[in-house]
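Consider the two complexes below, in which chain A is the common component and chain B and chain C are the respective partners.
What follows is the complex of A and B.
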């Protein structure tokens, strides 16, 4: 996007939008005067987008969306604070303020402009649109991992079957989920019901029922998630470190990415996610991830696995797993066995490591 | 003046085109079609190129577009037999290139996003250019065509949708449409493709009257150009018509880097009345890949 395009308001498009009846200053602050400095004296962007502004009219979406994982980033907090200790929470908050602000999704990040993580920019000349754009909203934040998997950007790995069937993110991730409606107090994205679940669309598929597909019929719903068979090689990251440049600009480095597919134990078997086995993804945290901000900020590093529950967005009908029964049975290579886990992470991952592949 | 000879020759050519119907009694107006309609429209189109871009769309971006925007129109301009052989993208319109001009009623409005596809991208570029000249500003061409699409095993259906024809957009000048339609209908056998090896071989016998390089000055400098070429950047063809041959039957070969801008230039030249224009398949990239010689200015 050209710099001018980012802030160019299309009078025609916005003029027809109901929100143009509201004064600019009601949402943005600032002052309606013919002088750049004075007009912009107050903070203008990111928009005042508190539930008071949008939620004044959008009572149904306002407050829930404000409390959603997207806005609160509870998932990050859950993962961080569990590994830390109360005396470090203040330091971690400082770190988050520096590094995570551009990830908090505002209403406008999905309905008006590109998120700040890609430099902002009005998507449709300030028109408010209902359906977020896959390429300009969703994947602007969910870039490297979800996007690359879904679009099939990794060499030799095909794009997701749903992408090929022309489905955008919002075909599965609908308004209520995105606004966090009925999703109160979730600790992270895999807390509670599956939203969406594969079965919500593929209604007639259930493991352990009569089926023409042997794999579907033989295995039980508690054995494994659909992705164990239908997703394929995905990206894993190691050693993310946050730092600041000399002039104080926050940045992070990820030492290594590697592609792989690892079936391990579901760390938290629940009624909604009864699977014994699921794909596991390595997350880029290590003991020193935040050492720029202080020593030993993660004293309880071992409290959570570094190989976590995953639902990769590269669903295929046929994967290496579906080739033969023996892709899994008797095949330790595909399971997260102890030899695949770094020495320093053995304790953290003791609940997810698989002893050996199921027998044939 | 050269321009007037060019235009009268254009007229002769236009009258030779089958399907080109003009009122018999308005000889002076017939000249106007070219001078007052075709040339100014090409100038307008050419001048907007810098900002509008060429309209090439990479496969990855095409797939994202399909997922995101249900309104995108996919227009397959291959021949019937080709579609029968490979299948077609779901919901695509199928209008073979030579009949495109007569079937605009099947397309939506001028501002619709229309992605033209063929087998490799060569013909679709001609179709896209014709559409843009007619005023479909958001026409695009799928780079690599169905070849690239099928190589990724993206899905196809057996048959195209049956669509009911609507009205041709009122903003299209009927004379412009008739002229462009006739031009498409008369595209030569083989579509004007010349392969690097064939061109190289031909050049031993006779050089084309004009070997036109339509890339940017930077590309001309590096990776270089084909010996004997004349350089006019595609964005600046209309301001430089004086450099084109007077003879409308002149043997012209156009090339760019990979074939797309060449296709655009070829269509423009054909619309100006040149009857013997070809475009180097794969452009100079294909030429270099075939290990044929290029020159570089010191």
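What follows is the complex of A and C.
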């Protein structure tokens, strides 16, 4: 998107929008004068996602959206602070301010413009839309893992069956989930109610005994998540380092990544997610990820696994795992066994490593 | 006969007074509503009075493709250009 396009208002389309009745400065700040410098001197762009701006009218969604995982990025804090120690929290906050703030999804990042993390830009000439665009909003942020898996961008790996059925992200991830309605104090996206769940649509698929599907009768719901059989190869990132250029521009480097499929032990068995086995994905972190900002900022690095609970977005009815019983049984290749974990990360991952594949 | 005419005159006078009073009541109610508007809060709709639109200077520029092309500048060093690997 060209720089001018990012800020161009389509008078015809926006004129039909109820927001066009509101003065520009009411949401954006600044001053409505003809001089460029003066007009933008105190401008807030993009509009911050606060209950004081959007929430003034959208009273049901304003506060929950502000508190939501999408805006607060609580999942990052949960993982980072668990691996760190209180004396480093200040430094980590500085790091997050430089490298993570553009990832906070504001109301506008989903309903009027592309997210700030990809440079922003009005999607429909400032016309607001209720349903976010899959390509210009959702996957603009969720690009490297979800997008590539869902669209089938990895060579020889099919797109998600739901993508082929022309389902957009919002078909499963509905407004209440995105706005954080009734989702208070979640530690990360796998905390709380499992919503969406496969069963919320696939009601006809009986699980466990009496299901009349042989594989579903043999494998009980508490044995494994649906993705163990119905997802396939996904991307894993090994190390991410963040830095700044001499003039203070932040950037990151992920030096190593690879495709693979690894079944391991569920790191956090809960009533909502009772599965013993789940696919595990290596997250982009190592002990030196933030060393640009200080030494040993992650002293409790081993407190959390680096192979984490994953729900790959490349669901298929038939996968390599569903071909035969022996695709999984006696097949250590698709299990996260000790030989696949870096020596430096054995302690961090001791609770998720599988001794060996189940016998046939 | 005289009484009947007097009775009719009285009836017409009462009807006139009643209609005049009703008209005055409606007019004063209308003036009252204009002077003291009642605002309601509906979920998902504007919860306050919106002042009239006056920010035409912003709109004039941001709807003018030519002016924006002239003024908008490319950021010098976008973060995504420096970063490498899956984000």
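One rule holds for everything that comes next: the second predicted complex is superposed on the first by the 354 of 360 C-alpha atoms of A that agree within 3 Å, B and C clash if a C-alpha of one lies under 4 Å from a C-alpha of the other, contacts with A are read in each partner's own complex, and residues count from 1 in each chain.
Criterion: a residue touches a chain if its C-beta (ideal position, glycine included) is under 8 Å from a C-beta of that chain, and two chains touch if they have at least 3 such contacts.
Source: prediction; values computed, not measured.
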* If you stack the two complexes on chain A, which partner ends up touching A:159: first (chain B), second (chain C), both, or neither? -> first
* Could you tell me if A:135 is touching chain B, chain C, both of them or neither one (first, second, both, neither)? => first
* To do: Pick one for A:90: touches chain B only (first), chain C only (second), both, or neither.
  => neither
* Does the superposition put A:144 against chain B (first), chain C (second), both, or neither? -> second
* Asked: Is A:294 contacted by the first partner chain B, the second partner chain C, both or neither?
  -> neither
* Asked: Once the shared chain is lined up, is A:255 touching chain B (first), chain C (second), both, or neither of them?
  -> second
* Asked: Taking the superposition as given, does A:168 touch the first partner, chain B, the second, chain C, both, or neither?
  -> first
* Asked: Of chain B and chain C, which one touches more residues of chain A?
  -> C
* Asked: Looking at the overlay, does A:56 come into contact with chain B only (first), chain C only (second), both, or neither?
  -> second
* Structure fact -> Note: in the complex, chain A contacts chain B through residues 133-135, 151-153, 158-159, 163-168
* Asked: Which residues of chain C touch chain A in their complex?
  -> 41, 43-48, 50-51, 53-63, 65, 68-69, 71-75, 77-80, 82-87
* Structure fact -> chain A contacts chain C in the complex at 2-4, 6-11, 18, 20-25, 28, 30, 32-34, 36, 39, 56-60, 102, 118-119, 126, 143-145, 235, 237, 240, 245, 247, 249-255, 257, 284
* Contact residues on chain B for chain A in the complex? -> 60, 63-64, 66-68, 70, 90, 152-155
